[in-house]
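After this come two complexes, each holding chain A, first together with chain B and then together with chain C.
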Partner chain A sequence: MPGYLVYLLTRLGQFALVVFIGINIAFIVTHATPIDPVEQSIAAATQFGSTSPEAIALMRQSLKELYGLEGDLAHQYAAFWSRILVGNFGPSLSAFPTPVSVLIGRALPWTVSLLVVSTVLTWVMGNLLGGLAGYFHRSRALRLAGILAMAFHPIPYYIVAFLLLIVFGHVWPILPISGGSSMNMTQEWSWAFVGSVVSHAILPVASLALVGLGGWFMGMRALVSNVVTEDYVTYAELGGVARRRILAAYVMRNALMPQVTGLAMSLGAIFNGAIITEQVFGYPGIGTLLVSAVHAGDYSLVLGITTVSIVAVSIAVLLIDLLYPLLDPRVRAR
Partner chain B sequence: MWRTLRDLLRFNRQFAAGIVLLGIVAAFSCLSFFSPYPPNDSFVVPPDVPPSWAYPMGTTSRGQDLFWLLSFAIRNTLLFGMVVAILSRALALVIGLVAGYSGGLVDRALMSINDTFIVIPLFPILVLFYFVMRDHMSWGLLALMMACLGWAYDARLIRSVALSLRTREFTQTGIFSGMSTRQILVEEHLPYVLPILFSTTMNNINWSIGLEVTLSVLGFTDINTPTIGVLIYWANQHTALVAGIWWWLFFPVLLVVMTFIGLFLLAVSMNEHIDPRSRLGRS
Partner chain C sequence: MGEPVLVVSDLRAYYRTSAFGIEREVRAVDDVSLTIEANEIYGLAGESSSGKTTLIKTIAAAIQPPLEVLGGSVVFNFRDRRVDMHGVDRQHLDAIRWKNLSYIMQGSMNVLNPVRRIRHAFVDFAFRHIGKPMPLFLAVVREHLERLHLAPEVLDAFPHQLSGGMRQRVTIALATVCRPDFIIADEPTTALDVVVQKSVLAMIHEIQRELGSSIIFVTHDMAVHANLTDRLGIMYAGRLVEEGRTADIFRAPRHPYTAHLIASLPRLGDSAPKKGLDGAPPNLAEPPSGCRFHPRCPRATERCAREAAPMASLAPGHRVACFYPEPERSA
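Coming up: the complex of A and B.
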């Protein structure tokens, strides 16, 4: 069998496994807790005033259906999967009767574009700067950049986003700090609307980039400073190959491979960061939707978002994995 | 051991800076044992007083002395990080060593599961967990849950070391002299893995504290146990920023950022110590 096909099949298998285990964790979390979510919801709903016993019985029945708690465990498990495979999570409780899938579909493009823009920007910038810093390791400006990148890297997304919010929202208010676009604008392809979307995205993208940059920078710097000591680099230098060419085609290209794998491995964490950042800036994506769903006690929406997140991140990882052989000929030839 | 520490302190500026930062944070958390007020009492001091000699970090809108409250919060936060780190280290160690030593099918199966845990976005799952638990959510439960989810990355690291240890001569000697697998793993391989284990501990504490702060800030944890995140949560609930009570947010954020950078510097300098090649590359 050709190498690429084997690679493709193992990656597809891994993708299926990720989705399978992820959904199972979601099932275990929702079903193996000692607390009965139905009784809890009823207790919350009947906290104030008296409700007739018939109404409570009716409520219990409909909630049990909704939570998928009818029948024995095997039956519940099958029902759980069938709902997910069809992609039908039922109507949202807080925005009744809008289906959960519609709400998620509306929020998903915002999250995906925020993630793609910030991840690509961060990854390219971090690797470029890191590569330069590894190659020209005496440069003062690049050393300073390294220290700055290191200082921001360990701080969690929430804190960085929050600091940016304070600085650009309260201390020096020059950028919009809330929403995905200006409130009073219709969504259309006009310069004004696109400009408004871009200006609203600056702070979320900046906070994701500030945290993410350091990791790529340090990783690439370490990789490049290892590659530079290889014999073929010395040979190329002695042979009079232009330095730009050495850096781009000899050093960076070889060091880039682990960074692509690294990107696939850290997508989950980047996604976590995007969710939080959205919430801080009130960005109309999945993260804001998730937090408001929890506050509204909307079970089907929370479960729907969790499932969609798991599947979406696994698809993104699969895409990176499938692109990998294009960059690394060794995988193709194997 | 002590000599290594002394050398690191003397020659590695990152290590020294990390130790100083963490030392300040740890000393501050120890002050909680001398606090004149229990952590959950409110309106024991006049509310909204800016930092002064009487109240070095000011007071909150709930009438708490921020200085003493913060000492409790940072203690709980650090403790949380350590509990998660210890539990998940145990998992990572067992899985990493077994996968690396066994190789073959066992290794492949364990690493497939491992990669799955690396990829899955954990935050929505933790939110789902809170959603189901609600008022029953406690500090210990969250720590347990996060330990079960946070071992994967480091298990892979440990496995890669174990893989190379397997081919070393002393492993063969051990097998031929009749040592059991458990003995080989614990007595022969574990000592080689320990340095890496320490550096991953720092990173893991950072990771778990970061998630805990994030969840608490949104109110998705037990909001009656003071941690750094819970403090920020209450400050946001009282719109401290708009009301101009900046110290309520400033000091918790400052302290937690010090913790993050301190732990990170320790992890980086330890990695450098373990892998001397990067030391040579820098000078």
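Coming up: the complex of A and C.
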């Protein structure tokens, strides 16, 4: 099928272009920040007592060599790409000499599991409830759910996070309020450790879900109330097709398609981490890592995290584009 | 002739809305009575907003707020059961839908789910009535399609892969696969060009003769009525104003409105300019008093503004709601 091949190749080309531009922007932005990792390290080393200017100059020179920051910007740019293309983000500057990939690899499972769970949970619940609310628009319980979703939706999620912290960590202290697991536990596949991870994840997941639910709910309700007025739904009702079947195969199925795009986009965005949530709950994920990297002026780490998330978002979008024809046969024809 | 298949008596269906305390009542169907015999095609004509679609929605018991049925009844006498459409629950209605009563809708472009293959529509609508395991059921469907000169391969197509005419023919096949007693056809040819229209009408006619079903066929296109229907009902402003054999109505319309409708049709060799009717169809939220046609009627008198004429038989099988019907003409 040459038509599909052409489509595939153009799409892959677009993917490469987006990734290239994205990484370049990340490079420019990090190198344009006023924070200099070399000066940060010197400041840290010299804050107790005075050091002679010659020693500082010497230190600056060796640090630059060590961090790979010698030479002009063009030189650094070339060195950066030659490393990135083989998947090497170099050593972290703030946690020298740990490689960036090790730091990201350590934080990624926390963030990904936290956000995959909360995103998928929120998406499924929001669409299910929103779809039902759109279809049974006279149901009182679902109307109430709509009002609650609308009330929660505009609240910034960190406010909800703080609220949950106060309620479940202080007023009624039943859940741990900080960290990814209990500090004194070794990370292993034991019930105790998994239980600790789950209990630590409840509040962050709840804070993300409570706020995210409203968006999916309202979006799906609006989509469904459009779909139910379509002729094919009316016709199926006149045909005496079972209600359950109409709801699943005619209404939900058709309304869900734009929502699937939305899900893939938010799954891609997971690699950015949920910066504020992770900060509030002291979660050892990518968001926390990124914030500390920015504070320390750790170019390599910031670039490593942004590169991972640029590639992840682009792959997510690419995958939707390639898989969408399976969901909507009308796209196949083009 | 046996018992009629459909008896509609004194049916009233209004759209009732209430916004900010202002009640509004649109009398879309007002005191309509009609009967449809077995094995006949009954045409329903009238301009836009004359209540045709509301009438058939009410007949099909597809009532959604703000539409409400305020009075009258719709009773079907199917081969195997008698159903009062507004006196039974949803389960009973679902049991007769497609088995006894099916529907061909306006704008069949969109009546098939765009993301599912045609086969699934047949399964969803008809499988529970045919009562055969899936492979045999699909064989029945294939055979039915072939009888209607459709390639069985359409079952594996998506709706967008078929042309408009093809889709309309597929929905006719879908509506007839369970051999229903009664088919409601709501403007099935309106969106098609005349060439496709002709083949679709021929198909409807052919399958009707074969199944012996009754059809209520709604369209504002008088030419279609002339070619297809056995009897014709004319609606104006929510009321039935004339009913009779199609040939009689075309030859000698008795209601002044029908007379205008027929006179406006172009005829071969007739080069006289056509005159439009003065005025516009009435607002059904505040219909005129008495006969709803009286403000536009050339024959109206004071009596017409006071009281509405009931439907009365002028000849066997020819009913008219007018105090001063057009004189009978002999062709």
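Points worth noting:
Operating definition for what follows: the second predicted complex is superposed on the first by the 256 of 334 C-alpha atoms of A that agree within 3 Å, B and C clash if a C-alpha of one lies under 4 Å from a C-alpha of the other, contacts with A are read in each partner's own complex, and residues count from 1 in each chain.
The rule we apply is simple: a contact is a pair of C-beta atoms (placed from the backbone, for glycine too) under 8 Å apart; a residue touches a chain by one contact, two chains touch by 3 or more.
None of these values were measured; they are calculated from a predicted model.
Of the two partner chains placed around the shared chain by superposition, neither chain B nor chain C is touched by A:I315. Applying the stated contact rule after C-alpha superposition, one finds that A:I56 touches neither chain B nor chain C. Of the two partner chains placed by superposition, A:A78 touches none, neither chain B nor chain C.
When the two structures are aligned on the shared chain, A:L163 is found in touch with chain B, with no touch to chain C.
The larger set of touched chain A residues comes from B, when the choice is between chain B and chain C.
Touch criterion not met for A:V198: it reaches neither chain B nor chain C. By the touch criterion defined above, A:L238 reaches chain C but does not reach chain B.
Comparing the two interfaces of chain A, the one with chain B and the one with chain C have no residue in common. By the touch criterion stated above, chain A contacts chain C in their complex at residues 230-232, 234-242, 245, 249-250, 253-254, 257, 327-330, 333.
Looking at the complex, you find that chain B touches chain A at residues 112-113, 115-125, 127-134, 136, 153, 206, 209-211, 213-214, 217-218, 220, 232, 241, 249, 253, 256-257, 260-261, 263-264, 268, 277-278, 281-282. Here chain C touches chain A in the complex through residues 60, 62, 93-98, 102-103, 105, 107, 109-116, 120, 124-125, 158, 160-161, going by the rule given at the top. Put simply, chain A touches chain B in their complex at residues 14, 17-18, 21-22, 25-26, 29-30, 33-35, 37, 40, 137, 150-151, 153-159, 162-163, 166, 170, 222, 225-226, 229, 264-265, 267-269, 271-272, 275-276, 279, 290-291, 294, 299, 302-303, 305-306, 309-310, 313-314, 317.
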